[in-house]
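In order of appearance the chains are A, B, C and D, and numbering begins at 1 in each one.
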Amino acid sequence: MNYWEYIRVEELLALQGGFDNDESKVNDDETLFIVVHQIYELWFKLVLRELSTARDIFRQNPVPDIQLATATRRFKRVIAIFEQAISHFKVMETLTTRDYLEFRDRLIPASGFQSAQLREIEILLGLDDAIRIPLGREGSYKEALKGADGKPSPATKRVEDRIASGPSLKQLVYEWLARTPIDGPSSDASATRFLEEIVASHRSEITARVKLAEQQALTAEDVERLRARYEKEIVFAEAFLMGEDDPDADAETRSFRRRVRAAIVFLESYRELPRLTWPRELVDSLIEMEQTMLIWRQRHARMVERVIGRRTGTGGSAGVDYLDQTALRYRVFGDVWGVRGLLLRKPTLPALRHEGDYHFRIED
Amino acid sequence: MNYWEYIRVEELLALQGGFDNDESKVNDDETLFIVVHQIYELWFKLVLRELSTARDIFRQNPVPDIQLATATRRFKRVIAIFEQAISHFKVMETLTTRDYLEFRDRLIPASGFQSAQLREIEILLGLDDAIRIPLGREGSYKEALKGADGKPSPATKRVEDRIASGPSLKQLVYEWLARTPIDGPSSDASATRFLEEIVASHRSEITARVKLAEQQALTAEDVERLRARYEKEIVFAEAFLMGEDDPDADAETRSFRRRVRAAIVFLESYRELPRLTWPRELVDSLIEMEQTMLIWRQRHARMVERVIGRRTGTGGSAGVDYLDQTALRYRVFGDVWGVRGLLLRKPTLPALRHEGDYHFRIED
Amino acid sequence: MNYWEYIRVEELLALQGGFDNDESKVNDDETLFIVVHQIYELWFKLVLRELSTARDIFRQNPVPDIQLATATRRFKRVIAIFEQAISHFKVMETLTTRDYLEFRDRLIPASGFQSAQLREIEILLGLDDAIRIPLGREGSYKEALKGADGKPSPATKRVEDRIASGPSLKQLVYEWLARTPIDGPSSDASATRFLEEIVASHRSEITARVKLAEQQALTAEDVERLRARYEKEIVFAEAFLMGEDDPDADAETRSFRRRVRAAIVFLESYRELPRLTWPRELVDSLIEMEQTMLIWRQRHARMVERVIGRRTGTGGSAGVDYLDQTALRYRVFGDVWGVRGLLLRKPTLPALRHEGDYHFRIED
Amino acid sequence: MNYWEYIRVEELLALQGGFDNDESKVNDDETLFIVVHQIYELWFKLVLRELSTARDIFRQNPVPDIQLATATRRFKRVIAIFEQAISHFKVMETLTTRDYLEFRDRLIPASGFQSAQLREIEILLGLDDAIRIPLGREGSYKEALKGADGKPSPATKRVEDRIASGPSLKQLVYEWLARTPIDGPSSDASATRFLEEIVASHRSEITARVKLAEQQALTAEDVERLRARYEKEIVFAEAFLMGEDDPDADAETRSFRRRVRAAIVFLESYRELPRLTWPRELVDSLIEMEQTMLIWRQRHARMVERVIGRRTGTGGSAGVDYLDQTALRYRVFGDVWGVRGLLLRKPTLPALRHEGDYHFRIED
């Protein structure tokens, strides 16, 4: 076996023919444009494999202890890949406005929005369809993936297959979190008791903060304003942690959310306990992974604004605004993000009753 | 002279005493927090020096030919510095939520919003006060810079001195742009004639694009919708380029804007002409510089969201939302950004009447 | 407390007066030069705190289970910091040769080589003095830290205090590794038995590889050459793993090395076993940390070569060559690097007799 | 046209079948390994297009003034691409030693050394065959590109075609530099006179530096040692600048080198002169481009050392050492690097007699 056979170099380098599938008609700028998109698709392929493998780990019940570090490494790899993807926009920006316009119109209605793999990543992660930002075009994102004749395309097939391939990473990770024993048996009762203590700590923290504000010689109005804001915060915190933030949710859903959120608070708060270190690393890597994707979305918006300004996208989207809005709104692991705003400093954490259960010794 | 005297190492390493000015009471996490902020202030000092030097170049009329490459290099240096600043958030993110909370409350009401130098950068660039996003606190950003006793502070002094130090970079660069000879003498007439030809090219581009849409078998409604959108775009483009986008502006202001915008279109469109290459590099580096600052703002938002979630900031701001909104709204060089969305591809550019004036020979 | 008091902004921004301690005599280029060095010193301060904290964790015997993830996080933070440091050279490179030369001669004999903190980092890590590359000047690196009058300086004091502050990270980590129980009790016998099995696996791997070479129709000379090289490799591998690579070492030293190296092979080879995941993360982060420092050294060489070419350094060093040589030669964790070249693929690893000892359950 | 047709998504994502051309037999780690190499090949394709376009600009005599900024932009794009390539090693490093070993042996004798495009880049730039570092295998780098049967391969064809495609970028850029008029007509006499003045300035700089050393109370031996070193430096500088550094070179070659080197000194020294700014940018971007490739080579060495240690490469090379040595030794634009070490600070530069010839006005 030789390098060029293994890497399929000749076939790979024959895929930059563009519109007419004729490389002699494609100038350097358009070649760059095509290649950067191809590189994105290659990275996305890796991301999908990694996420899929990690997802399958969480299909197991229980998740074997030996596989949590493995799953975390998958997420770290996805993070490393998206960090590459973020910096590729620097290459794209070597394309000036005028040069990009030379071939831009020919692309209509093709658009990066038609990247099936990016949609697959969102599906596999578990992005809720209800929070998707609509494109300028009518219909769902799936419309954009249809062929010119309105029929299903290879892109459609990819997305449909992915939807059919099983539950999302989010769904399965949340189920695993809901099973976490919280300072006692794995139960709603343990989770609830733990959360009650956490909420009490929040209350005393906020009381102290208001007192601090009073001492710092702000005006009475300022103190009142802060007190009102903090009161609102603690009411929100309690409702969120207790899974009571959605009046339409049924009792089972509330209990599930409560247990998920209790588990996240628990893992983040007592992360040094040896049996909790990997679960906590895993949860933290979900945040870092999603953050990296959000940075990618915002960096994408900045590249588009720089190269073509605030024009309508080739696929008919609102361009820069659409991209910026996705970054502000898309959050897959909303419960993990929500908890992040509600963690407590160490001295205020409740003492555990069963701390010993979470230790183990390496040097015996 | 020795390294430690030249760099002032000992004095520098004695500034991390924190709240009590006693390093033994500051743990590793808080030391990191302090040092990263100090590093930001050091970078900001460099940025202010570079921007100030560049601004002074444009105080001259005419700007000596020999100094345009120099000014551009200043902006490139600012870009290089902000790229460092962007990546420092990765270090800050090694601070976990729980660890940051250990010392966060002690900081209230201190806040990164009190960085006088960041405000100075905005002032020196020429950020319009009217588009500033208000903090949670009442009053302008200057309120936040006052001491605890409500009296002017060193931060106040920095900002006041900067405001008094002269016109902004934006003001002076725009005046220089307005003097650019546009394919003829430096005059409103040349600018207007040139812009009329540019608007005509826009019209024919859009006509072609609508025709394309019709051919591509979209529904009649889609075609109509696109036609309406494009018509709106051309009306907007003409008003913007001609300086007629603000009904309240007087004739002189309109003429000034027209000439500024004509110059930007001209420089970007004919950038290879030897006498235009540096002016165009300079204008492009303004965009890149502002873009880099926007990326820094968004990356800042992502760091804060990751470390503490959507809490109220220590200075009373709306935290993540405030930071994200500044990135969406703050644009210093609005005319340059506006033009970027209105450039044309090369084959549609009007032929110049005086192209010869913009050439020179290197190899004689 | 305000931001400017907490961060000590005014004092910090008053330290860029250079040679005459008079900022008005320091141009923008030299200010940049000073500030970048100050930023390096600030980062180094953080690195020293983190390494010192990590070192102290390993002063304990046994190292509490709860602290291994903490130590690893320290190393990850050092890595994040050195990654910043690597990219700062891009800012330094905005200084052109001609502009740097404007003030370079005034600096003689000051030199980055006089950074006491960089020497402290090397000392704290445990860089062996015997592998240090000598500067052009006579005497040890400590000579370079003396004052102009040849007397001890603040830099001397820093380095001496660091040397006196206790054993190096390397020494303590190696002692902890030597205590690791290797598939049985913590003993030389367990380590030796394990290494014998590893060496046997190496032998069969190499036999297979030679067979492969024969099949691949290389010339007989090629096969012979490869066979000789592989034989040399296996002899080297065995001597290294067994701690027999240094004929001058006494029996105790050999045993210590054997146990250290056995532990590294063991941790890397069975890293998924729950009780081994953190120790393995820790060992891997040592490699990543040292790698990042080497990348920093090489990037430093490339910056110097770009800005001033292959001149003699201001401190009298051989400049670029000196920097490149340090990267090729300086390895603190030589045993970890050595083992990296001797790991085996999973299917060839010996089966553990006591695998059960290394498991634990998270979901009970 | 749709995105998936334009980008050739389906064909692209079908090229990761590895050894058996069967993706189901390729695990996630190997897929990553294949994809990263494919991404490198795609970037290399872009680099080759950009370098080829830039090279063709220099085929013209004279080079049209309008194209120097264009050529510089090509190099800037190559730089942006190699910066991506540098950071991809971070993704590769998510592959641990043990995991890479799972499939490494199957690859023998395939090796990254068989990347024809990387060889093409070196050829197109103009890397001198005489300085190439030999692999472990006998014969030239071309041997490594042959098929298993010893016959020419697609890789061979690529390299041969590239060699036949015309002179190197180095050759043509040097010819353009040799034609640069140096403060007078384009002639050997102008170049020589200019260099004589430069050498005289070097002499007085060095005299001053020795005086400085004497004052700084170093020992008499230190002063003598420095004086001897500086004397050696000035002798070397004169020989190099005057093109007399190679006793075997004929008069024509010496004159050519003299003129090339004079042009580089001239452009770097008087870079603000408006007619020199782009030629200087271009020369500086050659240095930056080559530097970025060297950083890529060293970073490559660090990745290999981290993942597999100091093993023999799959292609039979000496692995890490081979890669490190290429970075130390490979320099395409040796004359530009050489001059970088011999530039002078501004106050010591000779006054130009014809400075007016290098000005032009932008604002008339």
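As a convention for this text, a contact is a pair of C-beta atoms (placed from the backbone, for glycine too) under 8 Å apart; a residue touches a chain by one contact, two chains touch by 3 or more.
The structure displayed is predicted, hence computed values, not measured ones.
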| item | value |
| --- | --- |
| Most widely separated chain from subunit D, with each centre as the mean of CA atoms | A |
| Matching chain pair for B-C (criterion: over half of the contact pairs shared, by residue number), options A-C, C-D or A-D | A-D |
| Pair sharing more residue contacts (C-beta pairs) when B-D is set against A-D | A-D |
| Where subunit B and subunit D are represented by their mean Cα positions, the distance between them in whole Å | 34 |
| CA centroid of subunit A to CA centroid of subunit B, Å | 29 |
| CA centroid of subunit A to CA centroid of subunit D, Å | 40 |
| Multi-partner residues of subunit B (each touching 2 or more other chains) | 109, 148, 271 |
| Sites on subunit B touched by subunit A in the complex | 93, 96-99, 101-102, 104-105, 108-109, 137, 148, 208-209, 212-213, 216-218, 222, 226, 229, 233, 268-269, 271, 284, 287-288, 291, 294-295, 298-299, 302, 305-312, 316, 324, 327-328, 337-347 |
| Subunit A residues touching subunit C - in the complex, by the definition given at the top | 62-63, 65-70, 176, 179-181, 186, 271-279, 281, 357, 359-364 |
| Interfacial residue positions of subunit C with respect to subunit B in the complex | 1-13, 15-19, 28, 31-32, 34-35, 37-39, 41-43, 45-46, 49-50, 53, 73-74, 76-77, 80-81, 83-84, 87-88, 90-91, 94, 106-107, 109-117, 147-148, 153-155 |
